[in-house]
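One chain, subunit A, links the two complexes that follow: it is found with subunit B in the first and with subunit C in the second.
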Partner chain A sequence: MSKRVRRRGAGIVAVATAVAVIASACGAGGRPDENEGGAAEVGVTEDSVKVGAHFPLTGVAAPGYSAIPTGAKAYFDYVNANGGVHGRTIDYVFRDDAYNPTNTSQVVNELVLQDEIFAMVGGLGTPTHSAVLDFLNSNGVPDLFVSSGSLLWDQPEKNPMTFGWQPDYEVEGKIIGQYVKQNFPDAKVGLFLQDDDFGDDGEKGARAYIDDQIVAAERYAPGNTDVAPQIAALQASGADLVIGFNVPSYTALSQLTAMRSNYEPQWIYSNVGSDPALVGSLLGRFSEGKVTDASMLDGAITTEYLPGVDEADNPWTQLWQRIWDEHGGEGDLSNYRIYGMSQAYTFVQALQAAGPEPTREGIVDALEQVGQDLQGPALVPYRYSPDSHAGLSGVKVVQITGTTTKELSPVMVTDNGDAEITEYTEEHAPPPENGIPNVEPVG
Partner chain B sequence: MSAPTAAARRFLPSSVFGRNLLTVLVALVAVVLVLELTSPFRNSQLATMSYYAIAAVGLTVLTGLNGQISLGHGALMAVGAYTTGLLLENEAMPFPVAMLAAMVVTAVAGIVVGAAAARLHGPYLAGATLALAVGVPGIAIYFDGLLGGEQGLRISSPTPPDWFADAMYFLTAGEMTSARYLAYIGWGTLLLVVLLLANLIAGRYGRIWRAVRDDEIAAELAGVRLGRMRVLAFVVSAACAGLAGAVLAMVVRLAAPSGFTIVLSLALLTAVVVGGLGSLGGALLGSALLVFLPPAVTDIGTDLGMSGVQAAQLAPFVYGVVLVVVMLAAPGGVMGIVRRLRHAGRRARGRGGPSRPAAGKQGVGATDQGGRG
Partner chain C sequence: MQQFLNVTLGGLSQGAIYAAFALALVLIWRATRIINFAQGSMAMFSTYIALVLIESGQSYWAGFAAALLAGLVLGALIERVVIRPVEGGPELNAVIVTLGLFVAIQALAAILFGASFESFPAPFGLSGFSVGEFTVAFTPFSAFVIGSVVVVMLALVALFRFTDIGLRMRASAFNQEVARLLGVRVGNMLTLGWAFAAVVGSLAGLLIAGGNLVHPAYMDPVIVYGFVAAVLGGLESPAGAVVGGLLIGLALSYVSGYLGSELVTLAALGILVAVLLVRPHGLFSRTTARRV
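This part shows the complex of A and B:
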């Protein structure tokens, strides 16, 4: 018996050895010398440039946000129909991560390794995008215009490929803080904050101006839909003005909860949480039809940095409307689609600046050099330079009245930290005649 | 049985462990070949599949063999992932040590949960473990100073050491990318876990767990200590989930609460059920489905001319349809179908002449009736 066992053992060893010998015979046995060919840049062909992005197209974060890539796609289609950039069409691939960082890591792998994109344009979300920050930077993929106002995207030393786009939450918090100090000097201010960088950065900005006016700072954990304790605490603190750094669903929740407890402070919501159309539809859903539109938001104060759908006379809005009618899919133009189109516009500018033979390094250099001078749909300039990858530099304060907004302050610009807030006086230039930017190649 | 198969059979080791070891070695060779021959993207998908599979094989032992349902395995993976993240910070220790530690910590969490779970049955057990799945991500948000809150804990995943890269290059002429290296770590861990579990299932504990599942009173009369055996099954399963979490942390490079929602726990359960409850092979198949089906469906949708958003929405829909169809057409899962086919084939052959009874053999591919649980 023991003999038989041993023979079988010998059989295994023989098989394993055979396999190892065969496997190593297939191998190289050693490394050849480095050879370097002048290969074309990844994602760039004679007649196309491939870019990608990750968005929540399904799941809880999908309402609103899933419209952003449809806007970007419509603009790229428009540019392609008009000859593309330096003769190349832009091939835009966006994939669903359901706002789950684990999925983001998978779909970005897919975009970079399988689809072989040239650059990432507008990937959405703070927790989701931080999951792929290292991956994109270590693979040398330009990571342009992250759709989030976190300060994480402005670390040119550590993350040389990553650029922010929208005004960061600290800048927005500072401008809101100064507005409150000047216009509501006697108000007792309560803060309603999402418990992450979004709320923290916003709070930091606001406290720089109205630290002495703040009587309460309440935080909610995203995902927990019961905000009654936070609203009750704000009410108990006597706050008669509440600044919310929260996402749209929590704007709706805070409004409904406050209504139930007869709490009627002056509300100020950050730009992210204040889209009247989306908040209106969320209010209808959460209240099971009892509230049918965003009229609850009437009188609330928020900020703006892009002309929105309500400004039908604005030449930029007219351009977006024309493009959406020609190249958009189902549905109407919305502020989220305008956001996507504006990012796409900025990318076309960057690609033009990178010259007729764009490289990954080249587009990053170009943005650092000409980024501050780019004129676009935004009311304020970008802060791009070799030392800064921060996006737009400011906002204006507006009040929601019905489905439109009323200007409360001029456009204000500032920077992170102690930088002063100044008024931005330059006229907002209309879009070029054909709707396509014309940026000279750098160098 | 035909002469060649009988001859081949003589070369197989007679012990269960030997046979399983041989299967795993063959699988290891296959894994090396597959990883070296596929693109970096497939490598990363396979790395993803490996952590789902590690958790799924652990869950299938718990649910399929011991009859305890758990909706909390996603939370146990979170424990493993966060432990790994904290230990790998500033490269404080080599990653295998961190993985072992993650396994131990999760196993301890498994003792606590298992002790409570051992007293509960059916929907009550499901409810208790569901609470775990909902509650644990909240801990990360509450202790945001240590665990990074909503944004999560960034994890520096290990880079391939030169000797390993050189050795693999010597063998296969393939450059060691980081995706490939992580896939090797994941699949190495998976094969080790499968080997150990296959032996456990085939041995005394596997028999006892099945006995407890099939008839508690009979098992108790036979001298089995029910509670202790239940907790043990939970701990083994939790240890697997902890390892899976460790691999996930390194592959994803992030441990964030939104990665460990109830959706993850349910995905693991569906993987186990679709593959065939109680079967290790079925758990592997189920995890493959989790990873490869959604992108494939999305691509088909795009090819059919759907917009990006519609194609993305198609993936969860098709996954749901597959689940419903499997439940209606093959309640035993994929492995149930395989088993039925094999039985039919054996019966057909059996008429021709006597054959060796294959019953009672347990191995990597061995399966179990999945009617309970």
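This part shows the complex of A and C:
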């Protein structure tokens, strides 16, 4: 039995070898032009470009975030159905890392070495993506539009292939800080922070404006779902305004825990943790236990940099809705899906800029050259340049009312460090008629 | 002062959950001399059964009862089908099998019920009681949790100390051969031990899920701290498990509230090592090592 298996195995190997030899012979003979003068780029064939990403599809960070790749996929499908980019379709592979950095290393290894992707697009998470930062850069894989607002992605000297995308947490913290200083000058501020770069960067930004108002900074370890001690400490410190830099499930947990001790400060949640529809669905079932519905987040303040599902009149939202109806899977369009679509849109812009024969170096150069001028779904411009790989430059402050939001401040932009916060006044351009960007190749 | 009070009360209700879980471990240890690593996964599974029922419109209590019943059946079934073949072999075999079950049941639950977070309702209010102008972090549901744990503990003490079945269970666990000679149907007793332990485990699962978010791995921290609690209590004594659970709950709550949430796991291990150095058989163990 075992002998027969082995012999059959040998047969398969022989056939495979023969096929490989024939295939390579055909390749060499059939298309001499392409294989001479440097092989085609990894992950790029005549009619496709393969890109990859890692997302938490299961586990503590999955609510909300697991919907992002479905949005990106819908947009890529839409582009593919309309002719692709320079005649190539985009082949999008995403894998589950459960928000666990050990898994991230493994799945990114598979994506790069086994799937042979051309670039990473939108890999999610600060702790998770940090684990693969060196690997991607040392292998020369473009690491575009990391789905996290950490400052780590903006180190062009050290990590030349990595680009951020969303407004970083320091920029967001600064704009929230200034808003609090101007509108709640007497508030005693408590911070509710994820205990990693996410919380640290946000705290840094907020402290730049309201250091003297902050009475407590409490950190939770992601994974530990008992946040009662942290909420108790915030309450004891007398904080009547709490700024949270946390993921959505911890927004729900902090609300539940605060309700237990009847703690009702003014809540401000950073953009990533505040989706009212998602948090509402997490809290919704406690109606028997006196929580009513999505209105639990009513009155909480957060920030925005993309038109969301609630703005049904916005031409961008209408575009996303149309694409989701045509190419989406199960479920409704959500802000997380819009986030994924917007990232996919930016990647299509970058790929167009990289020209008809994209290379890994080429797409990085192209982004550095034209990145600042890219017009897209975001309300503010990117900060890409040869010296900066930082993503979007600002946000506006909004208040949650039911499942929609109300503007509290104009769109503000700034940069890291001492850079001033200024109002961004340019009109937000609508999407192109066919929903597909048209960026001229660079050079 | 209010912070101290809230951290203490939070620790007590969290501790009661660890205690409930530790009780299940004590029960299975006394009945079969096995440490069941799959206890948490089994509890998670029956909690999901309750959730499915509640989602389909049944009342909380219908789901509650169904989960306990599911626990009973699941425990007996697993003992008969999976554990029985490795019983009688080296003790480690059964323990490793429970480890395998731990992973397998979690994976199965993810396939059947999905891997995302879902909220689990609570039968009582989730807002704290008001004392004067203060609202303390102690809710009607916390009272229910602590009450249930005390009832289960008393029931276990009664089972092992005053009932015939309890005596037979202990006998079968202690020495199968002798028990068999004395007319105890050892096989049935082992099944019963697993079934009872799974019911208590399911209760722990329901208690921690109430008014909280559940996902297939939500019992993982409880498993770790529940083990620490059971070992602190000496693995033999129901009262020890409860005291161990409350101690761990309080200690971890203080660590998290005053030192930092990242130190919680470290503190749990520190406490375990410290207690075992001073009292190798746990705080409540009466059996001393027999010197030969």
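The definition used in the following text is that the second predicted complex is superposed on the first by the 398 of 443 C-alpha atoms of A that agree within 3 Å, B and C clash if a C-alpha of one lies under 4 Å from a C-alpha of the other, contacts with A are read in each partner's own complex, and residues count from 1 in each chain.
Rule of thumb we're sticking to: a contact is a pair of C-beta atoms (placed from the backbone, for glycine too) under 8 Å apart; a residue touches a chain by one contact, two chains touch by 3 or more.
Everything numeric here is computed off the predicted structure, so don't read it as measured data.
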| item | value |
| --- | --- |
| Which superposed partner A:Ala221 touches (first subunit B, second subunit C, both, neither) | both |
| Subunit C versus subunit B, contacts on subunit A by residue | B |
| First, second, both or neither for A:Ala252, with subunit B first and subunit C second | second |
| First (subunit B), second (subunit C), both or neither touched by A:Pro63 | second |
| Contacts of A:Pro229 with subunit B and subunit C, given as first, second, both or neither | second |
| Partner chain in contact with A:Glu41 - subunit B first, subunit C second, else both or neither | neither |
| Which of subunit B and subunit C A:Asp134 touches, first, second, both or neither | first |
| Touching partner for A:Asp365 - first (subunit B), second (subunit C), both, neither | neither |
| Partner chain in contact with A:Ser261 - subunit B first, subunit C second, else both or neither | second |
| Touched partner set for A:Leu283, first subunit B, second subunit C, both or neither | second |
| Common interface residues of subunit A - those touching subunit B in one complex and subunit C in the other | 57-58, 66, 195, 221, 223-224 |
| Parts of subunit A lying in touch with subunit C, wherever the complex brings them together | 57-60, 62-63, 66, 195, 219-221, 223-230, 232-233, 235-236, 249, 252-253, 256-257, 259-263, 282-291 |
| Touch list for subunit A against partner subunit B, complex | 4-5, 8-9, 11-12, 15-16, 19, 23-24, 26-31, 57-58, 66, 69-70, 73, 93-96, 99-102, 105-106, 109-110, 113-114, 126-128, 130-132, 134-135, 138, 194-197, 221-224, 329 |
| Contact footprint of subunit A on subunit C as seen in their complex | 2-3, 6-7, 10, 14, 60, 110, 115-128, 130, 135-137, 139, 141, 211-213, 215-218, 221, 253-254, 256-258, 260-262, 264 |
| Subunit A contact footprint on subunit B (complex, rising order) | 11-15, 18, 21-22, 25, 29, 32-33, 39-41, 44-45, 48, 137-138, 141, 144, 149-152, 154, 156, 166, 169-173, 178-179, 248, 251-254, 256-259, 261, 263-264, 291, 295, 298, 307-309, 312-313, 315-316 |
